[in-house]
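In this document, chain identifiers A, B, C and D correspond to the written order of the chains, with residue numbering beginning at 1 in each.
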């Protein structure tokens, strides 16, 4: 292993494309959402709280985005049996709540998106619409 | 005084318009920025960290947005003589750093925008461009 | 009881030996890990996040190291029945997740090591390899 | 601007090389140090607290590393006139204290190193020795 490796990062153009598509999908569903996008180290790239969305869903949407960016898989992959324990051990950052998806393009993990305020299915739907906008 | 009063709130369409215009202006200036929009209670409505912006400017941009939303005036209005003391007493939420503007429409305070990562003049320029997008 | 007692402390040479051995073992397993070493007061002595490790595992690895250093026994010794309650009462610092081992040499508790990002067995394996490097 | 850009990341081999070289230099100087390495989003990659180093220097070393990674320049580049204000607005994350250097290789910003516990000159010296180990 060398000291440095090649990788890729999501530009703000990519982030804005995700945000716009996710908001459009949430509007189409008639379900206002909190949407958060983080980079592969978990630092926030963008977020939006739609009119009528629960403001505390900002926090759960962030946890979903963090979990997906950290693990590289959907939040629902966290086994039921350990959710409480891992949640506690990570200040609530690791969550098994639906609505967190990794952002993966050409096999490279770029970060995560977390959506919260709707039902689990709606949250996943909106997150997926965001990813589709950049072909992820 | 009655128990309840009429007011106005910034919708996510308004927030997105501000964000898009601010990003466009920052791109035109060639200065990547962190841009944060908060509502009149200081809760974050949206934010974006542009590619190449300093990630710690997320924190100062938030402080700028909070200060402007809380006071209803530009951050630079905080008197020099009290900046350190007010900053200490508010966990750093009140700041006199340039780049925080209140969002006021038809005389109603809707929230604040904070911009950071450029020079003070650039931060104010980008924040102003954001507000102009909604006629504020 | 006298006012003062003899004790021992882990030097940074000891800490580096643990870290190097743990990293080598994780590489051999092909499982990148977050590894944290704390002293007997729970203050961090060293940590490393290996390339490809989950960044949120830094938090759970810290909790594991803290728990082991505080109790003097392996994290899995925390009874299942109280894990949630103790986790809540300690801000998540006490955890029963596998991968936390006390650092004990010649019967003296020197601190704890916590490893996270792999399976429970892998985490314990890597932590043990770290301890073996100093004969603990 | 495309949705994704090429970049590079520091591997744990690179991080360990930095840590080992920095520790060796601090030993040569006879000044124990706290040394922190963060990635380009400010997430900790590694840290070590040497025997005899001030434990609170972990915090200032982290701030130094964060500042250098965020700005891409040495911490001492933060203008004296704004240090208090930017420090307050960023929860102390931005600091002008000497001992924080950006990690730049082939023109790519990979993160930052922060060193604290010695004099300003010693801190810079040890940080520089760390960077030299990977040719940065």
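By our rule, a residue touches a chain if its C-beta (ideal position, glycine included) is under 8 Å from a C-beta of that chain, and two chains touch if they have at least 3 such contacts.
Keep in mind the model is a prediction, meaning the values are calculated, not measured.
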Approximately how many whole Å separate the CA-defined centres of chain A and chain C? 30
Whole-angstrom distance, CA centroid of chain B to CA centroid of chain C, is 43
Multi-partner residues in chain B (2 or more other chains touched) are 51, 55
Could you tell me which shape the graph of touching chains takes: line, ring, star, complete or other? other
Per the touch criterion, the pairs are A-B, A-C, A-D, B-D, C-D
As the complex stands, chain D meets chain B at residues 1, 5, 40-42, 66-67, 69-72, 82, 84-86, 88-91, 93-94
Chain C - residues contacting chain A, complex: 51, 54-57, 59-60, 63-64, 83-84, 87-88, 91-92, 95-97
Residues of chain D touching chain C in the complex: 9, 11-13, 15-16, 19-20, 23, 32, 43-51, 55, 58
Chain D residues touching chain A - in the complex, by the definition given at the top: 1-14, 17, 39-43, 105, 108, 110, 134-135
